[in-house]
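What follows is chain A paired twice: with chain B in the first complex and chain C in the second.
The block that comes next holds the complex of A and B.
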């Protein structure tokens, strides 16, 4: 088997704030093989977006990072500034959420797509960059002449496509999609996801897909990792995890999506009660125990480690 | 259209503004000399001061629209000629100061904002804010005392040396030496405005997602700043600079007086002492027109610089 595109080894990220240290990621290890795809799901504040930023070392100065991030075999946190810039966008690129301000409002989109190619010299001339921008735009379903448009002249779905085209500019091995469809309406969301899936097949791209929408991940990712309070609580092949969750938290997430045609699930949507814990003040023991329907007294004492819960599956719960 | 209406309002407002001041212009014209009642009445009639205020207002409106700004009470010269004569001095002093304040102030703001909460930021922010909060004439007096009176490096006022005849390059140098202190005073005093606007605008832009995107693309820090942050962050600064350009004509009343700089600011100070109604009306009309004009220019400029603002 070839070398994995992305390896996280015991990644920990702690934000230093005026109110003290806030651990956002507390020891996450995962692997994505070349061309593989992993879906990372969890509620807001579970640390999933922090992981996206940590891979390209984009976190603010207040974030303390420990552990290792190996991107295309390079230890991102050992690289010198020049080496780091060289890996960014060529080894791993990020598809940001387009509804927010991920595009520079005063630059034409064509220039923004061409910029990384010229910086990393993946094209030799500005003219070649222009040709490639046209190809990229066409490949995401936007007419090439729109390269001269400014971001505000595009719809939300088009902006998201532009961000995908931009991420593909330097033919990266890994695409990190951080909630790429959150602000889009359902039809556009489906188009964007289909597009991502197509491009992935054509280019043999590895994908790290981050979202809070578990149902999307099962369709578009080979494997699934569920995060809770800065740790992975369950991991495995996506179909298996969604169909037969081992961890009570995954069960709660999966049950929050009503099954079409199933009356009982529609009449009684069973979500999770309560709110995700404050990362600055996690409960003792298993951080999920205050919301867990199956909690036992010993859950308050020690935080369970990930252990084998089935073929290629792991979960962090004393009940598995 | 909006600009024209504003100007009309200013024209009317100017007339009443100066007549609220409880003072007799004639007393100033006579400067305490003992002059017969008859002559006083003649003077009053000559300047139309014996007419009811409504009639004066109608005359004023009619003549203003004809382009006649009247005769100065003080110098007995047409107001327009008096003003035109002083425009070059004011435009020179204020123009030079505007340029330095804008360029240096903005550069300071960029450094402070990009490296927020470092010693550079603290040094730049605190020093420009101190200078900005100090009254400009006071700063002028201090500089004048130190550099002209104590050290004797610069002349104490005026635009050129009196009593010597200089030519060519020497005259130019002499002129620069006179310009230096008042221009320095005004530049220092108004730099802070640009620094604070630039800094806060840059800090705001720095939290935008497109800067994270720019860094993720593998761009150098400088490129992220110059190609992505500044084109967005400097939009309000350009507007500020264009608006301030409108105040160039109105001169600096206090600083021009401190340095005896023969510009429109000094003329305003003199006219207020009268009060010289026609002169004040003329000056304020010019000031307002220039501010309104540059407001319009700032709007047009913004439309050109920011693609999101469409012509309406």
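The block that comes next holds the complex of A and C.
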């Protein structure tokens, strides 16, 4: 097997705040093989977006990071500024949510797509950059002549396509997509995600897809990792995890996305109840125990580690 | 469909035009007591404008609105007429934005009552509304501020603020779109139990077909200012007739069918296509499988509006009506 494109080893991120240290990521280890895809799911505040920022070293100065991040074999936190710049965009690129805010409103989209290529010198002349911008726009389904448009002249779906084109500009091996379609309509969301799936097939591009929408991940990712309170609580092949969750948290989260046509969810919306824990004040023991329908007294004592729960599957629950 | 029962709200051939933009272009819909109706569509379908019209906030260009069988008390001059009916209350989508951060939960829930004038039984009404919305015991929340409660509780406060007016109809615009998946289920369950226990009716605007499956009795699918398909949720979602509904259903994540992607996005409301307004994006027409005379109608002839009396219908030339 070839070298994984992304390896996280015991990644920990703590934010220093006026109210004290807030642990956002508390020891996450994972791997994405070249061309593979991993979906990272969880509620607000579980640490999933912090992981996206940590991979490309984009976190604010108040974040303390420990553990290792290996992107295309390079330890991101050992790199000098020059090496870091080289790794961003060329090894790993990120597509954020809210394309309106991620694009510069007063710069033509063609120039915005060309910028990383010129900075990283993946093209030698502005003319070559222009040709490449045209190819990239066509590849995301936007006519090349639209390169002269400003972001406000495009629809939400088109802007998200521009962000994808920009992320692909330097031919990265890994794309990190953080809620890439949250603000979009369902049909536009499907268009953008199918486009992403096509591009991945053509370019053998690996994907780290971060969202709260578990049902999207099962369609677009090979593997799934569920996060709760800064840790992975379950992982495995996405279809298996969604269809037969091992961890009670995954079960609650999966039930929130009803299958249309499934009689058991008709007139019976289901959820977990309760709220995600405050990262600054995590419950003792298993952090999920206050919301867990199956909690036992011993769940209050020690936080369970991930252990094997099936073929290629792990879960962090004493009942597994 | 409900002989002898008067609908809580009825719209007959309602149009709302903004200049040349036909945001709502001939819509008929009704909501019965004790019923949840889901109004489904994408941005630009006119669904938000329609519920603003039903709430009395948006003057209608033409057509008729009836509240509990009667004309509402219109105010304002011709063309700008609005109405206010405390029996119709709105639940907004973003609970954090909808709540004044400097008011206590009690003041927020009591606000609607106070606008109508102070009353002696205010505290009792507020407590009852909060308990119905699942904030129990209500007294525990009275003096808290929005930032001191969780996201799910904030959405319950928004709902309590509507319930305190003792409405017969709630209009809810994407009530769970901004909530975490885990909280979504609780809030939807709350809507359903309010309907089942007290005969309240809910018209919920959403893009989420799973929500319709979870709580709605009937569904109406909107496209570009028109309702293109209506029916009981089980029937429409099990056997969608309109090609637009079929496509929307096919892109729900996690389904076993291949997603049927429509080309492009919803056209501009100022430029509604001739014939069937869906025809430039219609996969059925593009498949070339339609008989020639049907295809000619799709391009040249409007399939018309779905009337109030139609229980199950699709505005499509390829579907018999």
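Note that the second predicted complex is superposed on the first by the 317 of 320 C-alpha atoms of A that agree within 3 Å, B and C clash if a C-alpha of one lies under 4 Å from a C-alpha of the other, contacts with A are read in each partner's own complex, and residues count from 1 in each chain.
We take it that contacts are C-beta pairs under 8 Å (C-beta built on N, C-alpha and C of every residue); 3 or more make two chains touch, one makes a residue touch a chain.
Just so we're clear, the structure is a prediction, and the values are computed from it rather than from any experiment.
Superposition model on chain A: chain B and chain C are shown accommodated side by side without a clash.
Once the two complexes are overlaid on the shared chain, A:120 sits against chain B while remaining clear of chain C.
Centres of mass aside, this uses C-alpha centres: at chain A, the angle toward chain B and chain C in the superposed model is 80 degrees, to the nearest 10. Contacts of A:181 after superposition: neither chain B nor chain C is touched. In the superposition on chain A, A:14 makes contact with neither chain B nor chain C.
In the superposition on chain A, A:309 makes contact with neither chain B nor chain C. In the superposition on chain A, contact is made by A:276 with chain C only, not with chain B.
More chain A residues lie in contact with C than with the other chain of the pair chain B and chain C. Legend: residue contacts after superposition of the two complexes on their common chain; A:96 is shown touching chain B, with no touch to chain C.
By the document's definition of touching, of the two partners only chain B reaches A:152; chain C does not. Across the superposed structures, the minimum distance from chain B to chain C, using CA atoms, reads 18 Å.
No residue of chain A lies in contact with both chain B in one complex and chain C in the other.
Of all the residues in chain B, the ones that touch chain A in their complex are 208-210, 212-220, 223, 227-228, 231-232, 235, 305-308.
Only residues 43-44, 155, 157, 185-191, 194, 212-216, 218-219, 242, 252-253, 255-261, 265-276 of chain A touch chain C when the two sit together in their complex.
The part of chain C that touches chain A in the complex is made up of residues 42-43, 150-153, 180-186, 188-189, 192, 207-211, 213-215, 234, 237-238, 247-249, 251-255, 259, 261-262, 265. Here chain A touches chain B in the complex through residues 53, 56, 58, 84-90, 93-94, 96-97, 100-107, 115-116, 119-120, 150, 152, 166, going by the rule given at the top.
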